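The following blocks contain the structures, represented as structure tokens.
One chain, chain A, appears in both complexes that follow, with chain B as partner in the first and chain C in the second.
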Partner chain A sequence: MKALAWLRTSSGRALVPLAVVILIGCLFHQNGAFFEWSTHRALLREISVLGILACGMTLVIVTGGIDLSVGSVMAVAAVLVSLMTMPLGWGGLSATALVLMAGTALGLASGALIARFRVQPFIVTLAMMVFARGLAKLLSGGKKVTNYVTLPDGSSSTVDLPALFRAIDSKVLGDHVSVVTLIFAGCALVTWVVLARLTAGRYLYAVGGSYEAARLSGVPVGRTVLLSYALSGAFAAIAGICQAAQETHGDPETGAGYELDAIAMVVLGGTSLSGGRGGVGLTLVGALTLGMLQKILSLNAFSTEARLMLTGGILVFAVLFQRPWQSRA
Partner chain B sequence: MLLELAHVSKAFGPTRALSDVSFGVRAGEVHVVAGGNGAGKSTLIKILSGAITDYRGELRIGGGTVRFHEPQAAVRAGVATLHQELSLLPALSVLDNLLLGERRRLISAWRGSARIGECQALLQRVGLSIDPMRRVETLGLSERQLVEIARALGHAARVLVLDEPTSSLAEPEAERLFDRIAELRSQGKGVVFISHRLDEIFRVADRITVLRDGQVVFSGPASELDEGSLVEKMAGRALDEADVPRPRERARVTLAVSKLGVRPGLADLSFELGEGEILGVAGLQDSGASDLLRALCGAAPHRGDVTLAGHPFSAASPRAALARGVCFLARDRSESVFPARPITENVTLSSLGRLFPSGVLALGRERALTASATEPMALVAPSLAAPAGALSGGNQQKVALARCLLAEPKLLLLDDPTRGIDVAATADVHRLVREATARGTSVLLASSDFDELLTLCDRILVLFRGEQRAVLGREEFDRAHLLALAMGAEAA
Partner chain C sequence: MHAPTQAALVTGCALALGACKPSAKSDAAPSASASAQRGTAQSPWLIGMSQCNLGEPWRVQMNQDVKLAAEKHPNLKVVFKDAQNDSLRQRAQVEELVAQKIDLLIISPKEAAPLTQPVAEAHRKKIPVIVLDRGVQGDEFTTFIGADNVKIGREAGKWAVKALGGKGLIVELEGLMTSTPGQDRHKGFREGLELEKHPDLKVVFEADMQWLEPNARKEMESALTTQKKIDLVYAHNDPGAHGAYLAAKAASRDKEMKLIGIDALPHEGVEYVKQGILDATFLYPTGGVEAIDTALDLLAGKSVPKKVVLGTRAFTKDNVSLGGEAIP
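On to the complex of A and B.
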């Protein structure tokens, strides 16, 4: 049993479902398709937007909170960045900066309500989810913001896709890696630095472990909560920019339900929803597990319905497996 | 024998929590189970209450072997356990709580009010005369305890297992509880009384079983032991509190409090605390000692004049207080320890801003600091990377204290720092507090254990229902006098 001791650690337990999924992939490889790098490149590209959301979600869940608004905030960002770069013709950098600020501001608004008035995060971010969806529709006029724009003289024409979009939706390193995957990796790195290398990370864990104990220990609890939701909003904005670039338009309906996928990734990694433990490494494993599972199911031509049902079932199995095997006295 | 354990063993992985434990509880006897932290008391309680089912050995009740497969089974067999965290539902009435544990169908009429008389009779058996319709959250802790005993009696309990029932009670309330226990004994009930407080062990025990490292080291009549020999058996070694020489009271005043008001009924407090001095706060359950400490650390609003090291001090939050060198150790470990986080993170949490002003952690330095901060603590831990929750209560308390001490406070506010921890850990905490005062830290120490105050403090402030009754100097220290003041006697 000693050789299996690593299974008792949280990271060890998180790796088991991933290993099982990889094993299944090797068994049902569809004439070697599972062993092609292009398959995995596509897989990584597909999980990137959700993974970015999951990074922010990890920060929030570590504090014992939850952020249901990320899908809607992402839509606001997608619409905003499309509006600014295509009809308004802004440069990519200034548009990105403004969208990031908008996402952060929405996160700050949720965080302020939670920190200042101690309203339950579920309720506050549920409200923000509805509000931000409305905001995305208002900004876009209810339809997709595309590169088919109305010029000042009243005529319409198609403009070039902005350089920002083309850059994000491309591959680098000899076409081996998608840019969105690199952005995802960057977000994960930022999250890791915050959680593992900054005092702010200690405060996030402390607040999640016990709000009252953290407060009495002199932790700036209010600012810590604010920080987690602000970062979650900023990550949602980044995800929105990536989504708009991949879809080549700003869709006010985009990202609906993404918050649940992001939560699933975090939980699948083994980060506890009750807060105070977990980390972004676990979330990465969770994201990979979920993404690879989807890939295998689609490689093997499962229907969408069957894929959803199987994913749900496997999620439950994986989370049951995550629980400590033996309760301590 | 009402209840008998025969060769009971239980291991958690490689850790043997109980090995070959045998003893019996007779009708009409109070059987004290004594032992330090980690002796196996909690495991024993869990077996008796049906929370642990996979142990080896036998549990016999009235001669027949039983094995509880769930807590309800223990209750049905007549074994009622009162845990330290009471299991009453605070938002429900006393009446509903008394009726709740009954076996009934899931869907049946709740005719609680029809049974008020029955419940009143039950409450009277434990000496409580309260309205059964009152919600439990409006009751004091000792009253809740009695309600829980009443519930156990209502379920026809023959054996009551009391897990450190006095740990959160002040002296007169504890006395009341002992009276009830004596009555239960005379009614022929068996009482298993888990404790590590010497005075009360000899106060209540007919027989004593001493556990150490999961084994029975003594089981027999209380008359065969005295305090010294009991401590020796519990600890495995004779203990004496290291008497660290303490500096005399110094002239410099660290904290001056004048006309401090915290809440209605806790007002007009005035006292001074010198550098390196330990001022005790003595009081019974509703004295307001905790509230006083919480106000000073900024966790509760207050008014009045407070000066810290000569400057006005009024902290709006514990964080602001910490920035001024005031550190608070809460009474409840759930408010002072982060069980899921490593020991290192627990210890440095209150000092992060000072140690790493840039906000970037230096993990190696942090580890070294934690190692040197915990070095004098005699901490029993697998490693400093282990989660604090894996430690015993006494060691968790040391970790929390290490966090406060690492912050190098000018003023340390300790709220019952040795509550529920064993003799050896208590001695360690006392030593650490004394060492801190030698470095100039002033300590305000609230404690429910008057002996602790009398041994540790330079002066003692006595509160009675939020009113400052006296500030005693060492020459006036006298146990009976202190107790009398805390119980409301006017100061001479």
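On to the complex of A and C.
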């Protein structure tokens, strides 16, 4: 058993499902498409928005909470950034700053209700999910906010796509990496610093481990909970900006159901839904596993039925695989 | 009244209908007995518009078409209800509208079966019912107005054959294939391609993108990786075609292929064609304007056909500035 000791570590267990998925990819490589870097560059781009949401979700889940509002908050951000940069003609920096503040504010609102009134996170963020979707529709008038703008005199014209959008939806390092992937990496790094290097991170784990014990040992539990939801809101805002940039418009319907994918990425990595255990490294592995599986299914043009069933199957496999080892640890 | 005359009336322009307005006051309209003064600017006809889901831009457009068409007639007032994609909520909303004593009901139902009963009850209370886009079961409604997805798909297929000169490699990005519009747009397209007559025409990649742009971009990226050459992409909606364009552009292959979509919303597909992003888009008409025209006829006591199938319009770079080309 000693040779398998690495399997007892949480990262070891998270890597096995990823390895299985890679193996599937090598077997069904579709004339070598799976071995090309462009495939993986595309896959890394595709998981980036969800991965950014998953970073915030990791912070919340570590505290034993859940944030169902990320998909809707992301839509608010996508609509806002599109409104500000295209019809209103703001610069990228000021628009980004304002959208980040808006996302953080929505996260803070959820966090305040949870921390101050001790309402269950599931309920509060469910309410925020509905509210924020309404807000996105209100801001956009129910339509996509595009670069086709109506001028004050009533006529319409097409404005150039904002530099912010073009920058985010481009590739760097000799066209080998999408910018959104770098943004995802940056978000993961921030999450890692918060969780592993800051006192606040210890507090997040402590609150997730046992709320009462944390409170009694002098952890500022209220502020800690507030921080996790505020950061989740901010990450959702970043995800929304990336989504708008890649779609070249702000869609008030965007991000519907993304919260579940983000939760799946976190849980697939091995972060415990009951809080206190996990980390962003695991979430990265979870994100890669799901993303790569989707890519392989897409490359092979599997039917939707097969895709859904296989994805469900892999999820069950990954979760079951983690169980026996967890009880021994 | 003969069918052609009726059809002409239905598709008649608002001006012609404006001439009907005086008769709307004098003629014995369906509920005129209850309120003799209905149908004037002071006491306008009350129309209930039950929309199944305003989460889709196309349905937002439908409501807007109804609203703008109705605003031209001061003797009409429209109350809008959004069922948020819930059949039972829509059922309740239809009942609310009937209780509100509307003079006419326009409904775009979410599903046929659960809404057949409430629509039939409204119809039995002598409220004229115009069913838009999706049908209800039986015949207890006044008229159905809708478009034909198979026909529109077929037009897209024929356009593709012509644009490719009868040979080439095609990618099809499908709408939700468990939905009737997805199936019909697929079926029609394949009929239009006539693959048996064009052996050099091949559909090399098809994937279900579930009407969603981000999914379409992902699937297109897979198509670009596995297919060294793509001559045309047909997406079942314009957002899907736009997603495909973004993927092709990111791979610097957008010049290699033609892109076509369906729906042709003014601020979406038509605009994409204007900007040169799409090569063609085919209108899936909302029927909003036609519904108001028909409503005016019905309120004026005229009879209308039981079913009206709307035509489509093709928008290409050559005709987009002229408002597209009608395909009846």
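In this section, the second predicted complex is superposed on the first by the 324 of 329 C-alpha atoms of A that agree within 3 Å, B and C clash if a C-alpha of one lies under 4 Å from a C-alpha of the other, contacts with A are read in each partner's own complex, and residues count from 1 in each chain.
In the analysis below, contacts are C-beta pairs under 8 Å (C-beta built on N, C-alpha and C of every residue); 3 or more make two chains touch, one makes a residue touch a chain.
Keep in mind that what you see is a predicted model, and the values were worked out from it rather than measured.
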Joint occupancy of chain A by chain B and chain C, clash or fit: fit
Touched partner set for A:42, first chain B, second chain C, both or neither: second
C-alpha centroid angle, chain C to chain B via chain A, nearest 10°: 130
First, second, both or neither for A:213, with chain B first and chain C second: first
Touching partner for A:260 - first (chain B), second (chain C), both, neither: neither
First, second, both or neither for A:123, with chain B first and chain C second: neither
Which superposed partner A:172 touches (first chain B, second chain C, both, neither): neither
Touching partner for A:19 - first (chain B), second (chain C), both, neither: neither
Three-chain overlay, closest Cα atoms of chain B and chain C, distance in Å: 33
Shared chain A contacts, counted only where both chain B and chain C touch the same residue: none
Chain A residues within the chain B interface of the complex: 197-203, 205-206, 209-210, 212-220, 276-277, 326, 328-329
Residues on chain A engaged by chain C in the complex (per definition of touch): 30-31, 33, 36, 38-39, 42, 46, 137, 142-144, 146, 148, 158, 169, 171, 243, 246-248, 251, 253-254, 294-295, 298-299, 301, 303-304
Complex contact set, residues of chain B against chain A: 12-13, 17, 42-43, 46, 52, 297, 299, 317-319, 321-323, 327-328, 330, 334-341, 345, 348-350, 352-353, 356, 359-361, 363, 390, 403, 407
Chain A-facing residues of chain C, complex: 54-57, 60, 177-178, 205-208, 210, 213-214, 217-219, 221-222, 225-226, 242-243, 246, 250-251, 267-268, 271, 274-275
